[in-house]
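The same chain A turns up in both complexes below, where it pairs with chain B and then with chain C.
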Partner chain A sequence: MAARYDRAITVFSPDGHLFQVEYAQEAVKKGSTAVGIRGKDIVVLGVEKKSVAKLQEERTVRKICTLDDHVCMAFAGLTADARIVVNRARVECQSHRLTVEDPVTVEYITRHIATLKQRYTQSNGRRPFGISALIVGFDCDGTPRLYQTDPSGTYHAWKANAIGRSAKTVREFLEKNYTDEAIATNNESIKLAIKALLEVVQSGGKNIELAVIRRNQPLKLLESKEIETLVTEIEKEKEDEAEKKKQKKST
Partner chain B sequence: MATFFGEVLSVYSRAVEEDDDDLDDENEDEQIHREIEEKREVHIAWCPEVAQSLEDSGSNKLQCSDLIIAVGTNAAGFLSAYVLNTESWDAVGHVSLWNERSRGSSRQSIALLPGEPACLFYRHRDNPAVLVCQSTCYIAEDQLFQWTEKVFGCLQKRGLSVMVLSDSPVAEYKTPDYLYGSAVPFLRSLKSSASESQALCPALEQPNILTGLPAAVLSHCQVHQIPAVLYQCYTDVISPDSITMETYKPALLCLSKLVKLEPCLSADVLRKFAIITEAQSNLYT
Partner chain C sequence: MALASVLQSESVDFSNYGRQRRGFASGLYETELGLESVGGDSLSFALRTSCSNGDGPDRKIEFLHGTTTLAFKFQHGVIVAVDSRATAGSYIASQTVKKVIEINPYLLGTMAGGAADCSFWERLLARQCRVYELRNKERISVAAASKLLANMVYQYKGMGLSMGTMVCGWDKTGPGLYYVDSEGNRVCGDLFAVGSGSMYAYGIVDSGLKQKDLTVEEACDLGRRAIYQATYRDAYSGGQVNLYHVHSEGWTRVSQSDVLMLHQQYQSEKA
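Let's turn to the complex of A and B:
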């Protein structure tokens, strides 16, 4: 049944589906996982690093991009589509600064990206963007924000979310483990992001890339040594917990 | 007949059958048909030892107890990685054919380049009644019947049992439920009525159908009452992929009864058969 209504983007099926948009969401699932956490004084973006070809320059394969000094985003899906969206968002950020003399709020730039995506689901001869984005940053008043957009052009604010290949597993983990204690300090928030990614990433810390924005500070990409240290800390905490459980059982 | 302009046309009378001109046209058509048929003929080339055994046996048939056919790059990759990786298999033959999508190779040798679409036969050294066929080339609808007749024509029907492994894109799988990403890739089975073996996965549900070589082989087995079981793997990856190949693992249970298999498979071997363009695929990040 889907076959007759899924070729043109601008055609609804009898039961109200826009199949091209739904298929675009499948394209997002082909990208590697990205997770975003909104802490109290920090926002964290963690991504699963893609394996890079031997002769490829690693630093040009990036899932996390800055949109402005105080806003950055991670995407999952078609690389080329992401590049276009990021470029348009960057231009809009500067245009906003020049016209209004204020940096963009995170909500504004998310709305801009989402409107762009929605326009491509409603015009003839174009296909939707095949990416979902996690946009994080701080507003002028210091509030941390995390937004997620998807190919249909919807956007929502989240406390923590994941997109990409194993997003469902990571989101379930976050639903269980995102508590006020878990984000009490900046370090804890970063560790929560790493723990969430370790659920789905193969071979541990080597394949994780992490970026943080602290209030009034620019984006910082964590070095692999720092990530390894945190991963070791997390593993030790897990072992200690397992030991405690064993002792409890024996007594 | 004189026309208005004065030219004279010879008009054919419909009362009389004019055979001469028709024959000429027919001859030409026939010739073209014959040429196309010859071009599209399916040829099986066996290695000298097997050709000799075929001649020696009175009925021009090989003794074969088990025929395993892999159709598609993932099925063929699975067999290469899990079964054909030991030294005890000999390449004994290949099928060469021509159609618009399979230009065929003019090389007569059995050793074809890895990765090139082909249809190859392997035989186990210690148990020569076990034959494996890897088919990665496209066989057109009009050639399928010829393929099955010629291949099965070389094998003893009595005591023969067939297993087919075949790839299919999950987009062709029709189901009323939504398939979550985690369910793919998955296996479905289909058996001929002569088959008594327990299928290792759910049967293929209606209205899904098989097409192509797997369907031709299964139909042949059904008609000739040969026990046959088919495992169809639905996957969302276009190219050979190690996860898809691992989905065929339940079939190892049956295969291990026939031949000695490598007990543990190193991930490197699998990766060798999985597509090398994985690292080069920057389409999705």
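Let's turn to the complex of A and C:
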């Protein structure tokens, strides 16, 4: 059945699926994990760093991109498609500043990206973008925001979310651990993001790339040393927790 | 303004206006010449001369350059005051023209230049503003609205549009006032007066705004006075003074006062 209805993007299947869009979503599931957390005064993006070849320069592989001073995004899926989407979004951010004399709101740019993606699910001869994006930032009035878009062109606001490989596991972890205490301070929010990624990333802190935006400050990529420190902190906390439990059991 | 197309011979003189300024005028502009030695670079005159250069002596369309419109920002918002006279040469075509266009409940636009141009583009602006509001779930800022208008007319630059409007409103950054014209100017400011009577209006408002912190009453009186004085001296302004006040909740139509009534009122106050 599926075989007949998955050729053209503009064809619905009898049970209402757009197969090309669903296959695009499969492509997203193959990409490396990205997690986004909305704190009170901070927004955090964490991505799983794919191991680079020996001769490859590490700096050219960047999965977290700034769209403007106060908005940035991480993606999962086809890197080439992401590059195009990021370019269009960057231009739109500046166009908005020109015509409206105001920076974009996170919702506006997310809507723009989502509309762009939807257009590619309804035109002939084009395939959908094979990426999901996590768009984070602060609006003019200081509210932090996190949005997620997917290849079909829908977008939703989230408190915390994950995309890419093992997104389900990470999301379940976040559902259990995203509490008001967990995001009480900026540091705690960052640690929550790392904890979430550690669930699915092999070999710990080396393969995590983290970026934060604090209110009224531009995007900051955390250095590997800082990440290592935080990872050791987390591991220590885990050990302390485990010991406490043991003591409780023995007494 | 349809009347003006009938009175073609009268409006031809508008295009010669620039040339005849220093020379011996033929009847029409005698009253203004004496006061005309002010340089032609002020906003209101620039509006006329630039248009006349563009089209040459064949233009028969009537324009509301004979007008006084004024808007100024103060502590409690923006006051917008306009006259209501339309002239075709020395013929008074109408004393009851509405020169303030209500774009939406919190944005106003004034009209100077071609009435059709002003009302058409401002209605188009109203549509754009509404779409913006629906898409973004918040009101459009005055800066953005004036930018949209300026960009719209800029595409027709050089094609004979004549529009000099002030976009006035209140947004989340407070009161907003922008002057936008068909030449592509878009200027933010605290006080603008546009039209043949603008010089007289400027005089009154400049002296009245010296003391800061006007109350709403005082500001309305100032606006009314300024337009009245302009109609007193300028032959091409008159009729009624329409006064609007833009505040945080939107705009309110404060008053419509006949200048002859105002004249009597001010005279009795003097005595």
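General observations
The rule we apply is simple: the second predicted complex is superposed on the first by the 251 of 251 C-alpha atoms of A that agree within 3 Å, B and C clash if a C-alpha of one lies under 4 Å from a C-alpha of the other, contacts with A are read in each partner's own complex, and residues count from 1 in each chain.
We adopt the following convention: a residue touches a chain if its C-beta (ideal position, glycine included) is under 8 Å from a C-beta of that chain, and two chains touch if they have at least 3 such contacts.
Here the structure is a predicted model, which means the values were calculated and not measured.
With both complexes brought onto chain A, simultaneous placement of chain B and chain C is permitted, the two fitting side by side without a clash. Of the two partner chains placed by superposition, A:Leu222 touches none, neither chain B nor chain C. Set side by side, chain B and chain C differ in how many residues of chain A they touch, and the one touching more is B.
Looking at the shared chain after the overlay, A:Ala27 reaches chain B, while chain C stays out of its contact range. Once the two complexes are laid over each other on the shared chain, residue contacts for A:Tyr108 go to chain C alone; chain B is not touched. Looking at the shared chain after the overlay, A:Ala193 reaches neither chain B nor chain C.
Contacts of A:Val100 after superposition: chain C is touched, whereas chain B is not reached.
By the document's definition of touching, neither partner reaches A:Val71: not chain B, not chain C. Judged by the touch definition given at the top, the superposed model places A:Ala133 against neither chain B nor chain C. Closest CA pair between chain B and chain C after superposition: 32 Å apart. Every residue of chain C that touches chain A in the complex is listed here, in rising order: 135-136, 140-141, 143-144, 147-148, 151. Contacts from chain A toward chain B in the complex involve residues 26-27, 29-32, 50-54, 56, 61, 63, 75-80, 82, 165, 168. Across the complex, chain C is touched by residues 99-102, 105, 108, 111 of chain A.
Of all the residues in chain B, the ones that touch chain A in their complex are 180-182, 278-280, 282-285.
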